[in-house]
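You will see two complexes here that share chain A, one where it goes with chain B and one where it goes with chain C.
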Partner chain A sequence: MSDRTAGIRAIAGKWLQDGTVEAVLGWEQGTYRDKTAPVLVRKAEEVDRLVFNERCTNNLMTYLKRDPVRSLNTVGIVAKGCDIKALIGLIQESQVPREKVKILAVTCPGVRNADGKRPVKCAACDVNTPVFYDEIVGEKIASNPDRAARFRDVEALEAMTPEERHRFWREQFDKCIRCYACRQACPLCICSRCIAEKNQPQWIETSAHPRGNFAWNLIRAYHLAGRCIECEACETACPADIPLMLLNRYMAKVVEQSFGYEAGKDPQTQPPLRTFKLDDDNSFIL
Partner chain B sequence: MPYLKMDSADLPKVARKLAASGARLVLPVREGDERFYREGADPDSLDLTTIPKNSIKEFLFPKTEKILRYQYRGKDVTVEDVPPAAAGRTVIFGARPCDAASLPVVEPLWNWDYKDEFFNARRGATVVVTYACRTAPDEACFCVSVGLGPSSDQGSDVLLFPLDETVVAVRFVTAAGRELESAFAEFGKGEVAEEALEAFRKTGEASLAHRKKFDRVQGWLEAHFEDRLWEEKAFRCVGCGTCTFLCPTCHCFDIQDESCFDVGYRLKNWDACQFSLFTLHTSGHNPRDTQPKRYRQRIYHKYAIYPQKFGKILCTGCGRCVAHCPVNLSLYDVVATAQERAERGD
Partner chain C sequence: MTTEAGGLEAPAAWEPKIVAFICNWCTYTGADLAGTSRMKYPPNVRVIKIPCTGRFDPLFMLKAFERGADGVLVSGCHPGDCHYTAGNYNARRKFTVWRKLLDFAGIDLDRVWFSWISAAEGGKWVETVRNFTETIRAKGPFREYGEMIDVR
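The block that comes next holds the complex of A and B.
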């Protein structure tokens, strides 16, 4: 058992024992290959189910928006630095009261996807040792972020002509089957009724044809502009293998350039597209 | 009857001949680290190394399909049928047995009280050349649990048995399959006796990691609609619908009208029981208001309701919902738990 797993179990057990939280949300060993699976531990004697390893890829903050976690008064959540960025977003947007969540932070050397590769977010990670938490386990790890890694693929896309870019996205969106796995896995897609489900009027065509697929994928990206914390949950969940993070990172790049803002850093700030400031750059308005 | 023996290296050539005959050719190809069944791909890109991520259902039941056209003219509206799209004769080349077997499973549904002319037109024009599994292509496979197997011929017109890395035995299963015989004949390198296939079948079945027989699941489900199992297992479901969309047998669809100015179409689009909107009433009431209830519905439909109605399990054990669930909510684990509890009378 790793030190991190032992540390998580100890703190989760203490919290459940003394009633600090009603349940602890974490990862347990899965049943398919080396996958891990989200688990909700309600009793101190069950904390041995909790594990931490480099296949703990799921961003558990997505459970805060749905039952049974939504209706708990207090919940402990085992979280990597990148997951905590999502919680910061949820706190900023008044979706989750800070006092409801006890953050059991774990230092993270980086995770691996099913294909064994490190995600881009790990190369660019600046929170290997989380900075916003209630308790922390694991040896401290100094971050050495390759910040350029975030936008490398975006820049390759920007170098294309508009026609090439359109063809690229047309091919990618043709694969979309409109399952909305991207939305469901996302911790920051918080609408209780998504615009894709509003049919009076029907804002977005639900058919998986090019028009419907462009509309859906672009709306999803827009709604996450300046909010996406780049956890890659959408791209990992996508059963059609669409490179959704290219869209999200492009939006992140534009927001950074326009407003000097990066999502998921500071719970005291507000995402730029949620606020109005008199000194905002208005030069794009004719 | 002896089977035709041929080199597996000649399979793309057979596929090319079938495409040249004017058929719409669907075959598994590699994309990134995954395989996908794709229409119109180059036969040389045929990749039979493992089970594709999508199923073959989209070639018989497209993800979106026009079913009627309407047009406003002043105060009048004219409505006309859109005949089933002319996809033409289709050869699915290199389907896995679990995909081929999905066709006879869903056929009764499409021909129940209403005969679905769209599915039936495509089904009637489709020939399936199946590539049997020498060993289970993935640890998620559980075809044996639902009464099928890596050599099953259910739904197949031609069955290819990869005896080793280089040799394939070919069995023409149906009359439609025998019509393809000429495309294979010139690559024949002798014959394989039927007995040799028995060893192939046994090796295949023995290679599955999941082999529990699901023969008591239906009865258990019928008595355990309200059970702790559903909340316990399915709390983690995020409702993404990946399982239903990749499933070869899930077949629910939604009807949508889409118009542009005076002209519009009624469409039949894939839908999923994992979405809250699926059962949301106009009143605002939702009988399946939480994700565990929606997950339970999927299991019930496959292992209790469909067997009650059509005498078949609505699952071929392909394992896609196990392998691709983003939160590792394994259908095999859940159904195996039901079977185990039935066995111990719990």
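The block that comes next holds the complex of A and C.
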């Protein structure tokens, strides 16, 4: 048992015992050795289910929007630095009251995807040691972020002609089966009734044909503009391997360049599309 | 009508179809002024009145393209003149992001225009619609989006 796992269990047990929280959300060992699964621990004697290892890839913040967690008054949540960025977004947007959530932060040397590779988010990670938390476990790790890694693929696509880009996305979106796993996995896709499910009027065509897929994927990316914290949960969840992070990272790049804002940093700031400046770019408007 | 290659050919009488989402307080009134002043402008524009550019949602644009629009114009009050004080400032940020996203997806930005036209600028409305119509006419019908569903 690693130090981090032991530390998590100790603090989670203490919180559950003294009533600080009603339940603790964390990872447990999955059915397969190289997988973990989310678990909601409600009793102190069950804290031994909690684990932390490099397969704790999933962002658990997405469960904050689900009823079993939403109905709790207080919840402890085991979180890596990147996961906490999502919580910061939720706090900013008044989706989760800060006092409801106790953050059990864990320092993280990086996680692995199902294929055993390190995700881009780990190469670009600037929060190996989380900065926003209630308790922290694990040895402090200095971050050495390769921030340019975030936009490498985006820039390759930007270098193409519009026709090439259109063809690229046509092919990618053609694979979409409209399972909405991207939306379900996303911690910041928070609408209890998604626009894709509204049918009077039916803004987004529900059939999985290229045009409907085009509308859905663009609107999903647009709704996350300035909000996406690049946890890669959508792309990891996508059964069709659509490079959704390309869209999300491109939006992040636009927001950084246009509004000088990076998501998931400070719960006190306003998300960029909720505010404005008098001297915002006006050059494209006649 | 089909070409030898089997694709659809543009009907001879094709005219640009332009959908304009314009705000109630400035651009709509400006377009009204153009009308009452008996100014002439291309009938290719279909006006849809929205209360404010802040009400504009990118879904409107996608729906217009889906239904066969060749170009979409979004227009409202000049910065500082919004009837609701800041609707157009908020809209401007949304436009910035959405426009870039369309570009990233390979949609021709010449088919998506944004403008600020005040209630007194009937002339600017006429000029904008005229320029936009001619731009679209030169480009031809916008097939890539609407017909995505048919191409396999």
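Definition applied: the second predicted complex is superposed on the first by the 275 of 286 C-alpha atoms of A that agree within 3 Å, B and C clash if a C-alpha of one lies under 4 Å from a C-alpha of the other, contacts with A are read in each partner's own complex, and residues count from 1 in each chain.
Criterion: contacts are C-beta pairs under 8 Å (C-beta built on N, C-alpha and C of every residue); 3 or more make two chains touch, one makes a residue touch a chain.
These numbers were taken from a predicted model, which means no experiment stands behind them.
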item: Which of chain B and chain C A:278 touches, first, second, both or neither; value: second
item: Which of chain B and chain C A:123 touches, first, second, both or neither; value: neither
item: Chain B versus chain C as contact partner of A:157, first or second or both or neither; value: second
item: First (chain B), second (chain C), both or neither touched by A:206; value: first
item: First, second, both or neither for A:218, with chain B first and chain C second; value: second
item: Chain B versus chain C as contact partner of A:251, first or second or both or neither; value: second
item: Residues of chain A at both interfaces, chain B in one complex, chain C in the other; value: 205, 209, 212
item: List of chain B residues in touch with chain A within their complex; value: 31-34, 53-54, 63-64, 139-140, 231, 235-236, 238-242, 244-246, 254, 256, 258, 267, 269-270, 272, 275, 277, 290-291, 322-330, 332-333
item: Parts of chain C lying in touch with chain A, wherever the complex brings them together; value: 58-59, 62-63, 66, 79-80, 86, 89-90, 92-108, 113-116, 128, 144-146, 148-149, 151
item: Chain B-touching residues of chain A, taken from the complex the two chains share; value: 30-33, 35-40, 58, 62-63, 66-68, 115, 177-181, 184-185, 197, 202, 205-209, 212, 233, 236-237, 239, 241
item: Chain A residues within the chain C interface of the complex; value: 157-158, 162-170, 195, 203-205, 209-212, 214-215, 218-219, 221-222, 225-226, 247, 250-251, 254-255, 258-259, 272-273, 275-278, 280-282, 284-286
